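Two complexes come next, and they have one chain in common, chain A, joined by chain B in the first and chain C in the second.
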Partner chain A sequence: MADTGYYFYAISRGLDPDVLNTEVGIEQAALQLVKHQDLGAVVSHVSLQDFGEEGLRRNLEDLAWLESVAVTHDRVARFCAERATTAPLRMATVFLSEDAVREQLAQWYDRAEEVLNRIEGRSEWSVKAYADPAAPAETGGDEPPETMGEGMAYLLRRRTEAQRRESTAQADAEAAQAIHDLLSNHAVAGRQLRPQDRQLTGHTGEMILNGTYLVDQGRVDEFLDTVAALRSEHPGVRVEHGGPWPPYSFATLEPE
Partner chain B sequence: MTVVGNRTQAEANRSLQPVALVDLLDRVLGAGVVISGDLTISLAGVDLVQIRLHALISSVRAEMVPHDD
Partner chain C sequence: MTEPSRPLVTGGSRAAPYAAADRPQPANLADILERVLDKGIVIAGDIKVNLLDIELLTIKIRLLVASVDKAREMGIDWWENDPMLTTGKPDGLRDENRRLRERVRELEGGDG
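For the complex of A and B:
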């Protein structure tokens, strides 16, 4: 089957292979578990026409294709995460053979166990904060006296505006850090992702925090209460949250 | 705890809201287990991810934002 690759969705610990019969992967392909000791690689067959290096480069330019694969990847990762401790892999991870999958799993064994121990019984939650550009952190500023010449008044006005922008940016950064620190205290771990591109999301306001948090199952209510309290503590900041996700951002195994 | 949305439906219709799609891509492209090695066909260098996201941004802009030039 030279034209077939193995798309590797996730590593699960103690997943019952039979439950994979009730879900499907990309292109409705059957899901399989490639096992090594207590770990299993969740995989399905994909065509190397689409998922080989050349095919991937072409397809990743296609938004509909990208979305469809991302959504399927996430569906399979969630399915496994709901049934066993699961470390999702980065999207579009493809191997040439089942043996290659098994060898990789064996090679990763120790580090995979560490990652799975870290994420067991935990899920990922996203919290994003936006500053409203119409509500500067600090109002006021000196109005130029009427006796001042026009050129001087202009320069003064420009300087005041620049100072106001700067103090707003600083206040935003401080608010973002305060929110992130507080949420991290109610989570096992927290990470700041890059702010999202407004042209992509269409969001209003300035995204000052794109945070993601690993939260104990037993502390989810506490975490969400903290998010709710932030909304009254920072009235000039809009706070959105999402989740639970499989712990994508906390399942990283760095290559040696 | 509830899982948001009907994933299978969204998949069939390719109808995720832009924000939900970007949140998802932040995670499935930006994180997760990173693979290296000869047996991996392609993936998962940071550079490739950046290329993908740039391609995506250009493609969304082309659909959503009228071009001046």
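For the complex of A and C:
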């Protein structure tokens, strides 16, 4: 067993260990629940060749590997979150023995309870807003007269473009803040994540808001209605939502 | 509850086109990575790897490489494609462009 580690996906409260038989973890390995009082650590065996320090360092540079582990991590966290109050762990938390997992769970008991209390009966919803870069705004400047030197005309044009970009950027920022504030009012908490890079997502337009919200189960419809209303209030902005997510963004206690 | 299907993207390729936006969008790889790498409870495992480094090394570098490929269409060489500047005397314009770009930088910086 020396070459086997325990990959720790999430902490669940009140999860029935038997349901874990209906899902699998990384490399199709069986999921297990390591219990401490009412908390359970959801784990599966992984090879330390891949998940030891050296292996991880190597593998995490491989985007295909990273993608497959990230997706599995999320799938397991999601599976548990749909069945019990669940706080996902950050990806690639690996222990060398079941005892080490249980010890950590015991040591983390109070803080884990705190996190679980905060997210119980709630889920995370993502709302992104995009501005269309081709959106008109004022063109502001006139075409330079034909007699103007090419260099000066160019300068003028650049300046006009810069001014237009600036006022557009300000309007975008204000719209993003207004959307975020409104959604936060219908949620327990809201956070703005960094706008995503289009190289990774392929999105069109400018992502002006990458918000994520912790929403009470009983208020999900209200929250989604608010999102729908935003679409008519901000016709120049495309609003997308996703969820429910396991509450990753609201389970972020750091170690002391 | 059924899991949403996930048209995951790898590298720079594109996932599904935008559907009617009143339905939840499927999670893409960026959505998952920004959560599993950057959020969630942080417990120090027995295996120590700094994911923030990984994020920088893997994702940022890949994005950078992809961006270099895209630099042209994203306008890094805007002066070469500007019809106003490429008609006429390209050679004489090159020097002027360099001087003008410096002035533009000053102007844009000065206007804030």
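Just so it is clear, the second predicted complex is superposed on the first by the 231 of 256 C-alpha atoms of A that agree within 3 Å, B and C clash if a C-alpha of one lies under 4 Å from a C-alpha of the other, contacts with A are read in each partner's own complex, and residues count from 1 in each chain.
Note that a contact is a pair of C-beta atoms (placed from the backbone, for glycine too) under 8 Å apart; a residue touches a chain by one contact, two chains touch by 3 or more.
From a predicted model like this one, the values you see are computed outputs, not experimental measurements.
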Q) Aligned on chain A, chain B and chain C: do they clash or fit? A) clash
Q: Check the residue A:Arg158 against both partner chains and state whether it touches chain B (first), chain C (second), both, or neither.
A: second
Q.
Let me test your reading of the model: by the given contact rule, A:Glu103 touches which partner, first (chain B), second (chain C), both or neither?
A. first
(Q) Under the stated touch criterion, which partner chain does A:Arg238 make contact with: chain B (first), chain C (second), both, or neither? (A) second
Q.
Contacts for A:Val220 in the overlay, against chain B (first) and chain C (second): which applies, first, second, both or neither?
A. first
Q. First (chain B), second (chain C), both or neither: which does A:Gly5 touch?
A. both
Q) So, A:Glu67: does it touch chain B (first), chain C (second), both, or neither? A) both
Q: Name the residues of chain A shared by its contacts with chain B and its contacts with chain C.
A: 5, 8, 11, 48, 51-53, 56-57, 60-61, 63-64, 66-67, 70-71, 73-75, 78, 87-96, 100, 104, 108, 115, 126, 193, 196-197, 199-202, 242, 244-245, 248-249, 251-255
Q | In the complex with chain A, residue positions of chain B that touch it | A | 1, 3-4, 7-8, 10-11, 14, 16, 18-37, 39-44, 51-52, 55-57, 59-61, 63-65
Q) Which positions of chain C touch chain A when the two form their complex? A) 1, 3-4, 6, 8-15, 18, 21-22, 24-49, 51, 54, 57-59, 62-63, 66-67, 70, 82, 84-85, 88, 93, 96-97, 100, 103-104, 107-108, 111
Q.
Quick check: in the complex, which residue numbers of chain A touch chain C?
A. 5, 8, 11, 48, 51-53, 56-57, 60-61, 63-64, 66-67, 70-71, 73-75, 77-78, 82, 87-96, 100, 104, 108, 112, 115, 126, 128, 150-151, 153-155, 157-159, 162-163, 193-194, 196-197, 199-202, 204, 228, 231, 238-245, 248-249, 251-255
Q: Would you mind writing out the residues of chain A in touch with chain B in their complex?
A: 5, 8, 11, 48, 51-53, 56-57, 60-64, 66-68, 70-75, 78, 87-97, 100, 103-104, 108, 115, 124, 126, 193, 196-197, 199-203, 210, 212, 220, 242, 244-245, 248-255
